[in-house]
Amino acid sequence: MSRKFIRNDGRKPEELRRPYKIKLGVVPRANGSALVQSGKTIVMAAVYGPKKVIPKHLEDQEKAILRCRYNMITFSVKDRKKPGPDKRSAEISKLIENALSNVVMLEEYPRTAIDIYLEVIQADAGTRVAALTAASLALADAGIAMKDLIPSTAAGRVNGHIVLDLNKEEEDVEDAIDLPFAYIPSTKEVVLLQMDGIADIEEIEEIIEMAKKGCDKIYEMQIKAIKEKYGSYLEE
Amino acid sequence: MITHTAMEFIKKKLCEGERLDDRKLKEYREIVIERGVGENAEGSARVKIGQTEVIAGIKMQVGEPFKDTPNEGILITSAEFMPFSSSEVEPGPPTVDEIELGRVIDRGIREGKVIDLEKLCIVEGEKVWTIFVDIYLVNDDGNMYDASSLAVMNALMDVKIPKLDENYEIIEGEFNGKLPIRHKVVSLTAYKVGNVIFYDPNAKEEEVVDARLTAGIRDDGKIVSLQKGMEGSFKYDEIIPTLRELKERGLEFIGKYVQ
Amino acid sequence: MSRKFIRNDGRKPEELRRPYKIKLGVVPRANGSALVQSGKTIVMAAVYGPKKVIPKHLEDQEKAILRCRYNMITFSVKDRKKPGPDKRSAEISKLIENALSNVVMLEEYPRTAIDIYLEVIQADAGTRVAALTAASLALADAGIAMKDLIPSTAAGRVNGHIVLDLNKEEEDVEDAIDLPFAYIPSTKEVVLLQMDGIADIEEIEEIIEMAKKGCDKIYEMQIKAIKEKYGSYLEE
Amino acid sequence: MITHTAMEFIKKKLCEGERLDDRKLKEYREIVIERGVGENAEGSARVKIGQTEVIAGIKMQVGEPFKDTPNEGILITSAEFMPFSSSEVEPGPPTVDEIELGRVIDRGIREGKVIDLEKLCIVEGEKVWTIFVDIYLVNDDGNMYDASSLAVMNALMDVKIPKLDENYEIIEGEFNGKLPIRHKVVSLTAYKVGNVIFYDPNAKEEEVVDARLTAGIRDDGKIVSLQKGMEGSFKYDEIIPTLRELKERGLEFIGKYVQ
Amino acid sequence: MSRKFIRNDGRKPEELRRPYKIKLGVVPRANGSALVQSGKTIVMAAVYGPKKVIPKHLEDQEKAILRCRYNMITFSVKDRKKPGPDKRSAEISKLIENALSNVVMLEEYPRTAIDIYLEVIQADAGTRVAALTAASLALADAGIAMKDLIPSTAAGRVNGHIVLDLNKEEEDVEDAIDLPFAYIPSTKEVVLLQMDGIADIEEIEEIIEMAKKGCDKIYEMQIKAIKEKYGSYLEE
Amino acid sequence: MITHTAMEFIKKKLCEGERLDDRKLKEYREIVIERGVGENAEGSARVKIGQTEVIAGIKMQVGEPFKDTPNEGILITSAEFMPFSSSEVEPGPPTVDEIELGRVIDRGIREGKVIDLEKLCIVEGEKVWTIFVDIYLVNDDGNMYDASSLAVMNALMDVKIPKLDENYEIIEGEFNGKLPIRHKVVSLTAYKVGNVIFYDPNAKEEEVVDARLTAGIRDDGKIVSLQKGMEGSFKYDEIIPTLRELKERGLEFIGKYVQ
């Protein structure tokens, strides 16, 4: 497969979308917040907590409960999204919650709740991976103890080429494969993995490798963003 | 939420005519307006007043008219507080506070006849444009009513109407002019605490407010909607002077922020 | 503007609808109740409380919580109203609750709830003002301590004339203005104020004055109704 | 809610054949019927039995028929306890008690073939009348089933069918005759406590009732619906004698209260 | 009325459908369970409890609370049933709960809940009576103390003949009468009684008698099923 | 729910490669497949894996196509845990666990292009078949994903398409062939606890599982969907070897259980 292949938006196969931006502190009222933009996809994440659990019977004596809510605003997509949760957003919320529970040190905050709200402001494919990327940043921005950050992106196959971080036009190509992915760089634990499309295992191997490299790039940007705001925060 | 003592302090200061950030009672924080913030919306705008942030977006769909207005487009306005906009918000169905905000902003636009809805008829009695106006409170640092009103008016002016094919389906990426805007309206709000009337509270000041009065002001100086909000009251004799002030401020804001 | 103008139902501009009726005790099971009829608009109000707050976490240690629910029955309007709450009724419930909280002496009843249910039996414009008028009567009928009653009515402009207590036909006239209004007679505090329509401030001034005069008439009828049932109740 | 002691007392009295208000076991309180109580309904009625008050209203709309009955109008019956009708009611979605009431009254009307639904077909397979029957319990002082049934039957007889224009839209204020009523039906209820069967409990008596048996009785003496309600039971041998009594009472009530 | 009449499925008037089957223990996870099949109607019942009441404020200090939920699965009927409760299933749930409360010795289990879930797997008329028959078996299978079992079936009139246990085709006949019925054999208490259709009291008398006889047959099968599984269980 | 001690014990055993019922780590319990278990469904199947029981049913209705696929049938998959399937389930709206199961099974069928949806177009742009796939978990003794997938694939193969009359209404009892099945797909799941990967946990083993990886495997050896589920993780280097195993097992299962 040729690496010379140029994509619909001029990217090389292994490139993230442009711009790929990270911004911290975008919701002043929240305890921590972050915005991630990948091309035309924009997601905001913000964290409230650790805080009191209401109703009390949901409390866990040994650790914090982590609650995650992914949502698309009505005008984030071409066809107006009806407000309120649907099955897709319920599933994505759960997957992101699952992923984050691998890094947040919940046992540091017994009998509390940590709420993470994710709002898709503009959707052009890859909203769940942008949301997860933003979520771990918002948690860090809120000063929540974490084992590591989680970078997340998708990779896939478009017109026979293995590519990183598909946009919507690519995702919609006949026979495309899309594989949302996230892993913890320090432990190599895969915490998000899904796939749509028809693939050989060999292709999946290549796609996962591509996704992992993308995550590594995003991880650098995540670290940089935290450092810029908090200086030595991550180096202690 | 702030402590009772802090509330007492803020209230006392306001009643003495002073504010936490040294503004004058009738002074607004910095207002920043940005249009075109949503690629997939027909029109959109972000408004920041101090740290308060609101985004509004307009989606247009071809739909059926109401039976009693067969040749008019349809306007549907909703407001949602993003669950991260403050620590008091919970995700869930619209609360009465969200409903009230949406309805007050809607009345300003609707009663002020901002949009010529008859021009949004496509086939009489069969197909008209439905305009969805969605307001999102992103960060609540007070005075969301004024921010929302400015955001909606700017989003409406940002709209490019999609072009339709012969089957009345939207042609992606092609447009057919702007919305038929007949008037500009902004809804501005006077806040009352004790005997003091002031403007543009931040979130902390808003916690001590007794009542608000929101008026829709049209570019020709007409008042097109009123709403006394919150638990407290305005004195009977305060209403008209307050409206005069709101009108003046409204005309100023239309000139400055809705162009 | 001529005061000679005769309205569609034969009223003078400053007249309330006929009949304008107040009846107390219309719901025997309730702690207090009232019916207000203005022309073809009929609203019933009834009060339960002060009573235990369920769930307990809604309790206020320092005062009663006031809860108000405005509802239209399905056959109160020409086009059958779907049962259950909608956005309009949620807003009106809140506005009436806000207004009443200015007169009910909530601090007399700490850790309790006072529920006020308002049912529009027949709707011909002006249901929210009739509901508020009935609500304060029902509270008084329930023996709840209050600083004052709240009379409420609308005024507006129809075909260029300033008029009191619009009926539906008047409200539907092109360019009509409708201004629902309520104030506390003893303190001149305006506790309900809304407006639809396009008005000069001078007109609003006139309309509010008209509405206030209407409230004064209703207030007299409210007092009379209470006196008739309770004798010296209000004079102590 | 009443105290346990009071309940024991009422139960004992009833079992001895005596009632709180000195009525006989099988005696009803005063029944007052009023039709035409809702200006905006096509038909309506208020029924008071003692202090129990029910209002029923009928709204008619042009709608599509069900696929399996293309030439029949549609009957939809719902019941709601107004939240002020008793201290036990909370506003919210229909409770099972409201659902049961609506369904029992509906079955009486539907199974008794009260309305000739075929005459409510406007265009076969396309347009038929939908009849919404809405029952509201205003004040609950017991025996709401009988009150509801009388209210609905009277409301149906009060209906004036709206006239339609050539587009099948309702012409305001013009009418086209009455509903095609083929039969009159009332649903009446026998109540059981201990070994005693009695009628028309007030709210306090209803609290001690073990079971009820409601039967739809048609003007020709047929039984058109049955429902054993509440937790308790009737003895096998009590059923038929009770039905005979209900039938007799039903025919009497149709004569007296449904004219 | 001739007893020679042969029904659409070859049955005699006083016959239950074939097969009429009872099976215990069909849901291993539950505390008790049963399946009842009458012809093409199949219902499963399973019991959880006595168990803790959540939320606690629903607890009854003196007895267990009994909660019953009747449901039809989407493909149990010709026209797909929308998932979730509707008015019909709410009413049936309540009627079955009412009937069972006559035999379950609730005062043996204060401050607990007993949940009975009924799932209609296949519907061909008579689902509520099959559900009630299955419910009391599931309770017995769960070892809940009971005064008696409850057998339940319907009887009615089809084309002028009084018949037992109508199938859907019979129920749909013009002028059919359907009378769901249940009684407690040991006390002759009628705990379920409904009827649709137009009947003389004399006919009702005949139908109820027919239903009672059907219940007696079912009761025998219930006892047999319990004995087969538990041996001397019912004889002590 | 099981005690903490029991969980520790099961976990320890699994990490040592041993199981409660003496199976091997990669060994399934007995699988029993039965088709045609719902007389009123167009197709249905019951699958038991050990004591886990799932039933799946297919209902077909004539409906309108989506605007962007005017000549394709519609597939709608839902999963429900019957409230008696385990002590943890409560009746109510779909939980996220039910939603995830339904969506994962749906993706296997949809992405694997199991059904030739274009052959389910009746009149282009107007009428297409809607296929409702409903999954019910009857008894939960672990590994409901695999059981559900087998049940759905078997139910789809069991379908007899109803015949339509000239008005596109279904003719009762007449059929028009089978579903146009292009491929068979099964979704199988690998479970991870500690450093051990194993298959087909029972309910007790499932309580100690850290993570699962479900892959849709098609009869031609292609992988058509992936889902890492539950809170834990798989190591990066474990993914591909696990997929190879799942693929092999999937092809075996298609041969054995989907004929």
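As written, the chain order gives the labels A, B, C, D, E and F, with residue 1 at the start of each chain.
Just so we're on the same page, contacts are C-beta pairs under 8 Å (C-beta built on N, C-alpha and C of every residue); 3 or more make two chains touch, one makes a residue touch a chain.
Only a predicted model underlies this, so the values are computations on that prediction, with no experimental measurement involved.
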Shared interface partners, meaning chains that touch chain D and chain E: none
Contacts common to chain A and chain D (chain labels): none
Approximate Å spacing (C-alpha centroids) for the pair chain D, chain F: 48
Interchain centroid distance [CA atoms averaged], chain B/chain E, Å: 58
For chain A paired with chain F, centre-to-centre distance based on mean C-alpha positions, whole Å: 27
Separation of mean Cα positions, chain E and chain C [Å, integer]: 52
Per-residue multi-chain contacts in chain F, two or more chains: none
Footprint of chain B on chain C - complex, ascending: 87-88, 90-91, 93-94, 98, 101-102, 179, 183-184, 188-201, 204-205, 208, 212
Contact set on chain C toward chain D in their complex: 27-30, 33, 40, 44, 46-48, 51, 69, 71, 73-78, 80, 83-85, 115, 117, 119, 121-124
Residues of chain F touching chain A in the complex: 94, 96, 99-100, 102-103, 107, 111-113, 213, 218, 221-237, 239-240, 243-244, 247
Chain C-touching residues of chain D, taken from the complex the two chains share: 37-41, 44, 51, 55, 57-59, 61, 78, 80, 82-87, 91, 93, 132, 134, 136, 138-141, 172, 203
